[in-house]
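Just passing along the structure, written as structure tokens.
Labels A, B, C and D are assigned to the chains in the order they are written; within every chain, residues are numbered from 1.
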Amino acid sequence: MLRIGVVGAGGWGRNLARNFAALKDAELVAICDLSEEVRRANGRMYPDAALYEDFDAMLEKGELDAVAIAAPAPTHYDMTRKALEAGKHVYVEKPFTLRSDRAAELVELADKVGLTVMVGHLLEYHPAVLKLKELTDNGDLGDLYYMYTERVNLGIVRHAENAWWSLAPHDVSVILFLFGAEPVTVSACGRSFLQEGIEDVVFANLQFSDGRMAQIHVSWLDPRKSRRMVLVGERRMASFDDMEPSEKIRVFDKGASVVRDGYANYEESIRLRSGDVMIPHVSSSEPLRAECEHFIESVNSGSPPRSDARDGLRVVRVLEAGQRSLDAGGEPVSLDG
Amino acid sequence: MLRIGVVGAGGWGRNLARNFAALKDAELVAICDLSEEVRRANGRMYPDAALYEDFDAMLEKGELDAVAIAAPAPTHYDMTRKALEAGKHVYVEKPFTLRSDRAAELVELADKVGLTVMVGHLLEYHPAVLKLKELTDNGDLGDLYYMYTERVNLGIVRHAENAWWSLAPHDVSVILFLFGAEPVTVSACGRSFLQEGIEDVVFANLQFSDGRMAQIHVSWLDPRKSRRMVLVGERRMASFDDMEPSEKIRVFDKGASVVRDGYANYEESIRLRSGDVMIPHVSSSEPLRAECEHFIESVNSGSPPRSDARDGLRVVRVLEAGQRSLDAGGEPVSLDG
Amino acid sequence: MLRIGVVGAGGWGRNLARNFAALKDAELVAICDLSEEVRRANGRMYPDAALYEDFDAMLEKGELDAVAIAAPAPTHYDMTRKALEAGKHVYVEKPFTLRSDRAAELVELADKVGLTVMVGHLLEYHPAVLKLKELTDNGDLGDLYYMYTERVNLGIVRHAENAWWSLAPHDVSVILFLFGAEPVTVSACGRSFLQEGIEDVVFANLQFSDGRMAQIHVSWLDPRKSRRMVLVGERRMASFDDMEPSEKIRVFDKGASVVRDGYANYEESIRLRSGDVMIPHVSSSEPLRAECEHFIESVNSGSPPRSDARDGLRVVRVLEAGQRSLDAGGEPVSLDG
Amino acid sequence: MLRIGVVGAGGWGRNLARNFAALKDAELVAICDLSEEVRRANGRMYPDAALYEDFDAMLEKGELDAVAIAAPAPTHYDMTRKALEAGKHVYVEKPFTLRSDRAAELVELADKVGLTVMVGHLLEYHPAVLKLKELTDNGDLGDLYYMYTERVNLGIVRHAENAWWSLAPHDVSVILFLFGAEPVTVSACGRSFLQEGIEDVVFANLQFSDGRMAQIHVSWLDPRKSRRMVLVGERRMASFDDMEPSEKIRVFDKGASVVRDGYANYEESIRLRSGDVMIPHVSSSEPLRAECEHFIESVNSGSPPRSDARDGLRVVRVLEAGQRSLDAGGEPVSLDG
């Protein structure tokens, strides 16, 4: 029975508390929040959980096996480090940290103390994304050429972070997950319209050493709500539309093949194929539930979680490079910089 | 009655011939094409039109008032120059030329000889685009923040030009038309998968001096056919989906307004508004028909057409900068370079 | 403060309990269910509510002002009568009763004892339906010609009632609400495929004395999930699609007008008009919440609720006639029968 | 080489003329139309075709092998009879005739003279309908339970026939084609809003002796343009949406199976299955082209066409019964009447 304390239980943290409280192998033993009102509300829902205003106090007195950190991003590094030093396993929301050197430090620390650190890259636990992973890994799509993602909506407009750090971690984590590689350069163009210095919309391009490419479009200032991804492979193409209630994934038996034995007539040297479209049935289970279960299994088994600290570091490196490119007006930024 | 000769009547040129032949103020008197088969086919459809294999011969003997050039892009500069020197008005398909210095030379020449030059920026004559122009100019959308366009499909894969030069002229011409300005820098990322050195997919970003931004996504290697544009303004937002049979334009009474009198609570400092959506009725008339009529009216009135040589030059300058950025791996390229 | 007891808290009744417990002017003081497990589960959620296995016991000892009946349809008549005789206001789920004579008896009884009876015709409290009511009443659509509804899905397959009694009460209540009239005849055709004598799909047609018409299509054996209504008026048309997350209502400025001054050429005697389409913003508040609030207000004010016992009777009369038509193989059945 | 004359070349007949003129095994040798303007227009397009004002004259002097009849429906019986008596094969547009006894008479006559008669049931030649036929015949859907069709739009409003006779022949012919059977009863409800006695909207229900059912919804007074069909089978379900540019057919691996070994708990006795959705690639060839080719092949081979006179008779019998039901206010009408 894993004894868990949740820090930051006002917003998204509520969902973490709800799920951990519901899992049979976990026990929600403590909740920590700066707001008395939030503490009181959680106290009513979880009468057996101890309430803390101070994170250090929870670590000290809480008799915890693990902490789930849903406090604001700037606190992630500090709280994760303290928790590890206190001997607790850590589940921390995305983005892992706001600086890659800090993320790298936490990777080392986690290895040294031999504890589990898992980052809340929710989409890596989404049944539809796992289906895309299956399609790419088993060769159904053939070699991947490129993919692009769109995560736009009107709201929620953040004040502490821009649309890139708020929305793109989901897309970046899925791209690295599906490609199984890190990009070599990131170019990002964006604009701030509502608040000075806080980009509302960002278009970013990731280039990979083997020629693959990924494009990300994030915005909280858009008339449509869209959550979609398109993968283009040599043999087939696929799309994921998370706004569709049930038909989220489509596999297009479409492609263009090049006939390499030099034709006189170029027109004949490329063959387009438009075949059936398959909409595979995808489980409608809640990704967050699966994510919380995965954390508990990882702690119990001692094997690294899918979205471990190294994964968190990789994502932060891309976000950081993207921010540098944004600040430089779209200059491609190398990750080896 | 404007006497017109069409050069390049195999592909798209057929549509030009058909439209000019049908207009009451125009007469299709000559058709020029290198292919005997194409000449014969057009001869059957337009028995009164003289047939030429050689463009110079048509200019010399054709007794024409104007020529419509639908030959491959590399020939546009040469044919336009020759036609102007021969005293003919010119309708030339997009892209106007493949180099901006050549386009600039043609602008000068057209002025010197006092003849009409019109570039086939078809979308500037699309009823839906004219509705978008009306919405932006009359202030319905408020100050424009940014727009983005998507022009993707599986095929037609070109061999002489990449997806950028083949598809983006439409998007660039509409962006300049709606913004009423030229960008200061262009960044473009793309990849060649099917043919070496010929980009199949390109993502480009245009930055304007006043802070506005436009993004273009073109591809001929995509599972979906999409032809859409989204405009985000301070007061309202709008979208144009050319795949919709009738409901092409949507005006969203949506926006985010910032309350400037510094709030303690930032949450209150931004107000999101989600109101009605209006789908204005847009004429379903054929854009090409309107375009051909506009050419004839422009010649007759002597007033410059909407998509005149200067417009053609502006678009080529953006395409050229985009190609330089593509070649430089996404480096932002200044148009004043 | 209205003291309410809920009977039948296993299925839909849970939602009634949740809403009444949350309303500030109501108090959930008792829960009655035959299942001990259901009682225990509700006991945990509502520790202050008394638990009863027997409805009579709850009426006797419960010190209630009102009861909310979510027990199976066959019990509605009996429980409503007993509650009224015990001096309690009644909220009862649809269908009001399974026989119109029983419904009529309850209307009389409610009048005699001067208590509030409200039937759970949920859609009469749906913001989108209220928008349709506004559009019809204020003349935006002109005279209503006809409407049709579609309520299909795969599942939930019932065993005690067919798709007509399970799904159609929603459509019938909305039709009577919008038309402000009762039909004179009902024709219904259906088939039983899964269970003998229990129709899985029903198509019903309602004819009104003034020439208006309504069609209903219900099924729990269909590949698509659809919840939609279309209204055709003399001046405009409207649709309601409850599967749309936000754009539920569309008002089409479309119509066909007949020019009455007898034309020689009939073609000219009918003018089709296709104008703008408007998607009005509709509140996304929960209909059930509004319904529960309306019940409390009605009890407190003493004014009859929108879906009172008379409304319940009208709906049952149509359902009953529809069932007779189903049993007679589609024979139109008169409501005055 | 089949020598064909087309009668009624003003409206839809133009498409017949265009197709027959283009087919290599046919020759368009004559065109007959009452309107001099229509004759002149066709004369320009088909200089080699003889022009007639009078049908009898064309039959007499035309040296034809076959006639294609696209004149108004009331003329179909007379013209078909005359053509057969004159020894010509006949292609006649739907509806075959306006009375079933006349259709039966033509079936007999065609047999007697041994000539081909084909009725223009266009959808029986639509690639998507042929795919549905394949799915039903090869058992992919299992036993068919029921199907329904929707053919609605704003316009074209007819004056000589109602929406039932104008639109439903397509649906009826497909239903009989897919079911391979004739219904035993037809119930139809409709209303006339624009013109007295001419129904603008009709809902019809067809009952088959083996328990299968089909529903038809036709209207020319509707805000949406819809052309769709849904088939529900024991094993799978399918839909056909002709408004979709490419994804016209969907096969749903969905169904409800009943477990017959009497359960105590009814809930367990029905199993719902929701699996993959398949969108098979369907040829985008023009149905009318295939239809015209089929006529020529049938004449040349002497084998009866898919939509022969008997098929035409079957469809007219259903339309006739439907009209009787309309006139009787929805009374189910038996086809054996």
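By definition in this document, a residue touches a chain if its C-beta (ideal position, glycine included) is under 8 Å from a C-beta of that chain, and two chains touch if they have at least 3 such contacts.
Note that the structure is a prediction, hence the values are computed from the model and not measured.
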| item | value |
| --- | --- |
| Selected pair, greater C-beta contact count between C-D and B-C | C-D |
| Centroid-based (C-alpha) most distant chain relative to subunit B | C |
| Distance between chain centroids, defined by C-alpha means - subunit B, subunit D (Å) | 43 |
| Where subunit C and subunit D are represented by their mean Cα positions, the distance between them in whole Å | 39 |
| Cα-centroid distance, subunit B relative to subunit C, in whole angstrom | 54 |
| Residues within subunit C bordering two or more other chains | 274 |
| Of all residues in subunit D, those that touch subunit C in their complex | 145-146, 148, 154-155, 157, 159, 185, 187, 189-191, 193-195, 200-201, 203, 205, 207, 211-213, 215, 217, 221-224, 230, 232, 234, 237-239, 250, 252, 254, 256, 258, 266-267, 269-270, 272, 274, 329-332 |
| Parts of subunit C lying in touch with subunit B, wherever the complex brings them together | 246-247, 253, 274-281 |
